[in-house]
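Across the two complexes that follow, subunit A remains constant while its partner is subunit B and subsequently subunit C.
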Partner chain A sequence: MSATFVNARSLDEALAALAAGARPVAGGTDLVVAARSGKAPLPDSLLAIHELDELRGIERGEGLRLGALVTHAELADDDVVRTRYTALADACAIVGSVATRENGTIGGNLMNASPAMETGGPLVCFGATVTLRSATATRELPLADLLVGPGRTSAAADELLVAVDVPAPPPGAGSAYVRLEYRRQMEIAVVGATCVAALDGGRVSHARVAITALAPTVVRVSEAETALVGSDGGAEAALAAGEAAARAAAPIDDVRASAAYRRAMAAVITRRAVAAAVARANGVDVPVPASDSTYGRG
Partner chain B sequence: MTFIRPDGKEKVTGAGRYTADVNLTGQLHAKLRYAGVSHARIVRIDTSKACAVPGVLAVITHEDVPDVKYGGMVQDRLLFAREKVRWEGDVVAAVAAMTPELAEHAAALVEVEYEPLPPIVDPEDAMGDAAGLVHEDWDADGADEALVRDGNTLGYSTIVKGDADAAIASADVVVKSRYVADASQGVPIEPRAILAQWQGDRVTVWTSTQVPFEARKGVARTLQIPESNVRVIVPLLGGGFGAKCDFHFEAHVAALARAAGRPVKLVLTRREEFIAPDHRREGMVIELETGVRHDGTLVARRGRLVLDKGAYCGEGGFLGQMAAMHACGPYEIENVKVESWLNYTTKQPSGSIRAPTAPQVCWALEQHMDEVAAAVGLDPAELRRRTLVEPGSEGPAGQVLEEIGIKETLERALELIGYGEELPEDEAIGVACGWWPSFGNPSGAYVKLNADGSGTIITGAQENGTGAVMALPVLVSEVLGMKPDDFSLLYQDTDAGPWDAGSCGSQTTFNNGRAVVQAAAEARERLLELAAEELEVEQSDLELVEGEVRVVGAPSRSVTIKELAGSGSPIIGKGAAEAIDAPPVQAEGCVGRLGNESFLAPQVFTHAARVKLDRETGVVRVLQVAAVHDCGTIVNRVGADGQVFGGVVMGIGTALFEATRFDDDGHQLNPHLLDYKLVTASDAPRIDVDWVERPAAEGGPKGAKGVGEPPCVPTAGAIGNAIAKLVGRPVPALPMTAERVWAAAHEPAAAAA
Partner chain C sequence: MKQPAVLEVNGVSYPVELEPGTSLLAAVRDVVGLTGSKEGCDDSECGACMMLLDGRPVNSCSYLALQAEGRRVTTVEGLAEHDVLHPLQQAFLEHAGVQCGFCTPGMLISATALLERNPAPTEHDVRIALSGNLCRCTGYDGIVKAVLAVGGQRY
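Up next, the complex of A and B:
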């Protein structure tokens, strides 16, 4: 057992280590947990990237550029994210525990490619792209094309996710991510849904809907989007979107829930996400995270 | 009295030292090799590859320890499996190596060849002829004589009074229910840790146990050495909830340390903490039938309980009879016939977890009682008013009850929760009552006074986090006219304190409390003797106040305890509290009598819960719990309240989240805290606590009973009854997860199946 550990001081050093076969670790909230639970042993060759300043920070231009090391807590607390990309704030505010949110990074959350990832649904709905770099090349691709299966991405082993670009949402847009929650903290998505909806003259002019933990990857539900566009975004449209989500879901039976329950909840949770997104588009104050207020908490 | 426990600060600041924090020079690290399969014959064990790993100093199996079976009530287990493995956590081998990683690596290299046997997973199926035997040689295993054993049933027991069959036939209304409770876990936040060191033929074991003397006995028995050669020390214990009762891995580690010739340390991972201990809360099938008159009189109760014992008995042979008593509950019932079967399966063994059997059975019974109330058109609270026991009532097997304040707990809980007030349509209030016995174990203690005016309490009692041991200075200081802060504790060391049953059965205040009061009284006698000489007065003219012995009526004539203790005459008191038997009963009809057919100094209680239901998802939020207990005299209110806060939160977990799920082969599906869901601080509701203090006629100091276990018992029943009001029918499975509540609300047919 010969284990190596590289604490990279520059991006170039990191990319060279990746090319030599090392696996990256930032917050460690997936890697370490998986190793501890026996699910996946720690890689023999580990590359720490947490000190790379070039992967830090939120750049605000027309859209957003998120460094791979931006944490869930930073995103949940960021004013621009909370006002313009509210679904992403909803998602980041409920990932794991306080410790998870402080340590876990957006790059790690995406590259871990869990079907239950909280940030994937909002970012896919906002049309985010990711930048992958290797020692020899840089490429950009839509996030939806990065996520190819449970725990699988289209990135090559020597590629590092360095940034996520999120375009400006359309004018008049509101968004929400809602998750089914058995308890109030330290939850993992069993069913999650995102909606981004823009209103123009009382009609939905743009709609994106995605479901989380209901398929091998986060997936968009085009039938739900079609149902929303042109509607008033009211109860009937939200119901139709929810039903479309239930039809699009490919849920599994496991210790967290049965497939039948997941499918039924896909409809309920999607409907609530649509309602919250439309409410926000109408200027109604739905506090972050939306999951709280859509449950009528006591 | 309110006394803040002295161990609190070191625990909350992280300064406290637990077993895993103790290290010895030259220590090795242990790893256990578990079966990984639930039922199989062992064909071959080959340790040669593991032994060959550099840095591995010992690999041991059944060949390296005496051929001795152990177990508290049935001696059915070996330290290391030999012919068969009976659950996935059965220990096959153990490794000691220079690092934990090497130990883990080597443990994985132990080769074990198995011949698979059919798993026996369902406790009801285990009774059928088709199921094989978990223990083929069960008849030859030593066992408590009162256990009625047959095949995979290691304990059949009944609680019988009158003629329940005839009474059911003549009842105005008969209500039948079937409930099923999943297995669950104690989940102490400190995983088990053990460190063993030999010096000559004596071994010292530092271990995170609730029962140091039981651990000592287990090491002595399984390694065939005298108990006096085993010293068990418990550093701070990070919770137990019953899971650390019984003897577990102390002998495995001691045997490794002997084989390696070095100290050896074992610290379980969280996954192991789920899989390996032979101690979880038992899964159970609970069938209840009650015959009732139109006025609510309970004329008969019949019950059929099947308990999932898992692979080995341990101390848990009493679970069946205890469950049967809880299926009767603290009610006046004219005729009773409850049968219970405690069955082996090839799954993790169950054992005492905080009030073993009571939360599940209480959950079932209290929902059944609400069904009975509905059947005769009575409000659930009113049915309880009419049927709960009171002083002079007869218990299930004919015990005559003395001081018992359960009706007062009901009324106070209703008042605190605002029973009957109008609620939003998605909220409801449920009520549940229950009881739990006190256990009158023998216990001993010493009290010595030191030359600096302080005192030391030397006790065999074990603190598991409840604060019961921490509050012993309150009792001692009252006898001696001193302050609780004047006392230190020497405890959790089997070489220091007298034998004690340990932190189990809510018994510390009840029994060790009696012992320390006796010990303090003896020290007091000695102080009075010395002071009478010093002050030249009769002892009867003296009193102990504020650290002094004074002449009554002439406080200026006094001598300080410090002066007396420093005078050179030893001041030592000893206390030996005798066992108190459970009250006698005429219970000829009862089978499998293990001593629980009557309850000594029962602790009684009512919880009322207000919950909110999200109908579309089945998600339930508990908004408020009112918890009122009669645990006799309360010694330290802040400590007692703390037990209720914790118990209610644990009870909410039992109600809504906590379940160990098994696959068809008996493997745990969720042995980790991501999918074994505990209640978080964010889920904790408002909790209103109050006490009805009816001093126990025959009980602990000043009439105190225990208080550690009851607070987790009735919460699930109260929540269940609130959910049933909102859903329109009881949720028949525990925990009442969001999916199960949703199913009950939306698919009645599926939920009933």
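Up next, the complex of A and C:
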């Protein structure tokens, strides 16, 4: 049982409390749930950051700047996210339940560093960077460098993720995040895949592919990207990308799936993500979330 | 160590003293004394504890009560107007949306949040909105019918 609780009134107050050993809580959808289910006790010193206006909101410039407190629901409902960063909308629309999406934040989802996190694949593929602040310093690093293992980040204990910057996607890009799921909601990815693909004159000019719940962190699959670039983005290219994803996967056996099943499904789900991303790049209206769609099936 | 706080539940302010780790559910049930919200799984799987926080659904079993200070908490007790049931409550009765009743407070709260955002939801919308609420009597059809009826839709 935690000994102290402080509700931070300013970012500076929060950063000072973190330096003194407090641990942050926003929506509580990982931290408090883990405590209730007996996985990990609540920290001794709790710092509530949910009222910090400095960490709110989606700023639109050339790209997007997401405050750490932006919720999955805000992202899934945002018109710009749905049209230009569709894979991120796909991911946010299927996190947990309505209550999870209303309370869970992007900062929390990233810092919890689950290899099965839904938002990581899309953000890595869009080339997102994160800003970490401590009482004494601010630094920015690629999201891919923040995620170092299951539940582990490269952030120091006194650093708070304050914002996520997502650059503008290349012109002509479409994107999709698809996960293998056993049920529609209250689910965690058994296997997930993201594809961002830009088309130029009928050929793929830019491709990013990442796999989720298939390695200790969300990882990009460069061999799949190479297979797509220069292709027409059709069924053959999607198949090749899927096979590359299966080769790159380092899955584990757990309660949700065996490693062998995950590896086999890596190919299938990646193929579907590629097909949905290319369809969107071609102007096809693939509904959000793409996990519902039938692109690339059969 | 207990900390003083004021929780606003269904429009009434309650001065309380809470441990830092006390859940919103425990605070509302055991300290405020409103026992309509239920504890099912106690880790955000079942939705029996669903409340609204500033109008948005939250699994209150897994939310720190002290984080609810300064915000509007709504529980199932806040839905009826005196002796007049909320339209959703009336519809649950009319469409047999209640069997054992344990999931009902959470179902009503999630459905309230849905109708606030989307006054005429489709069956798909209702099923997605209620997917964080489990009914172990498996009485989902009556529940979905009730919510659709309030939104003016047929099942």
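The working rule: the second predicted complex is superposed on the first by the 292 of 298 C-alpha atoms of A that agree within 3 Å, B and C clash if a C-alpha of one lies under 4 Å from a C-alpha of the other, contacts with A are read in each partner's own complex, and residues count from 1 in each chain.
Here is the rule we use: a contact is a pair of C-beta atoms (placed from the backbone, for glycine too) under 8 Å apart; a residue touches a chain by one contact, two chains touch by 3 or more.
In this text the structure is predicted, and so the values were computed from the model without any measurement.
Student: For A:Gly283, using the defined touch cut-off, is the partner it touches subunit B, subunit C, both, or neither? Pick first, second, both or neither.
Tutor: After superposing on A, A:Gly283 lies clear of both subunit B and subunit C.
Student: For A:Ile188, is the partner it touches subunit B (first), subunit C (second), both, or none of the two (neither)?
Tutor: In the superposition, A:Ile188 contacts subunit B only.
Student: Taking the superposition as given, does A:Ser37 touch the first partner, subunit B, the second, subunit C, both, or neither?
Tutor: The answer is both, since A:Ser37 touches subunit B and subunit C.
Student: Taking the superposition as given, does A:Met265 touch the first partner, subunit B, the second, subunit C, both, or neither?
Tutor: A:Met265: touches subunit B, not subunit C.
Student: Going by the contact rule set out at the top, does A:Gly202 touch subunit B (first), subunit C (second), both, or neither?
Tutor: After superposition on chain A, A:Gly202 lies in contact with neither partner.
Student: Touching A:Thr29 in the superposition: subunit B (first), subunit C (second), both, neither?
Tutor: second
Student: By the touch definition at the top of the document, which applies to A:Arg256: first (subunit B), second (subunit C), both, or neither?
Tutor: first
Student: Considering each complex separately, which residues of subunit A are in contact with subunit B in the first and with subunit C in the second?
Tutor: Residues common to the subunit A contacts of subunit C and of subunit B are 1, 33, 36-37, 184-186, listed in rising order.
Student: Please give the residue numbers of subunit C that touch subunit A in the complex, ascending.
Tutor: It is residues 1, 3, 19-21, 23, 42-45, 47, 50, 53, 56-59, 61-64, 66-67, 69-70, 110, 113-114, 128-129, 131-132 of subunit C that touch subunit A.
Student: Considering the complex alone, what residue numbers of subunit A touch subunit C?
Tutor: Within the complex, subunit A touches subunit C at residues 1-5, 7, 25, 28-29, 32-33, 35-37, 42, 46, 48, 50-51, 73, 96-100, 102-103, 184-186.
Student: Going by the contact rule at the top, pick out the subunit B residues touching subunit A in the complex.
Tutor: Interface residues on the subunit B side: 101, 105, 269-271, 426-427, 612, 614, 616-617, 619, 621, 623, 656-657, 661, 669-670, 672, 674-675, 677, 679-683, 737-739, 742-743, 746.
Student: Can you tell me which positions in subunit A touch subunit B when the two form their complex?
Tutor: That would be residues 1, 33, 36-38, 180-186, 188, 255-258, 261, 264-265, 268-269, 295-298 of subunit A.
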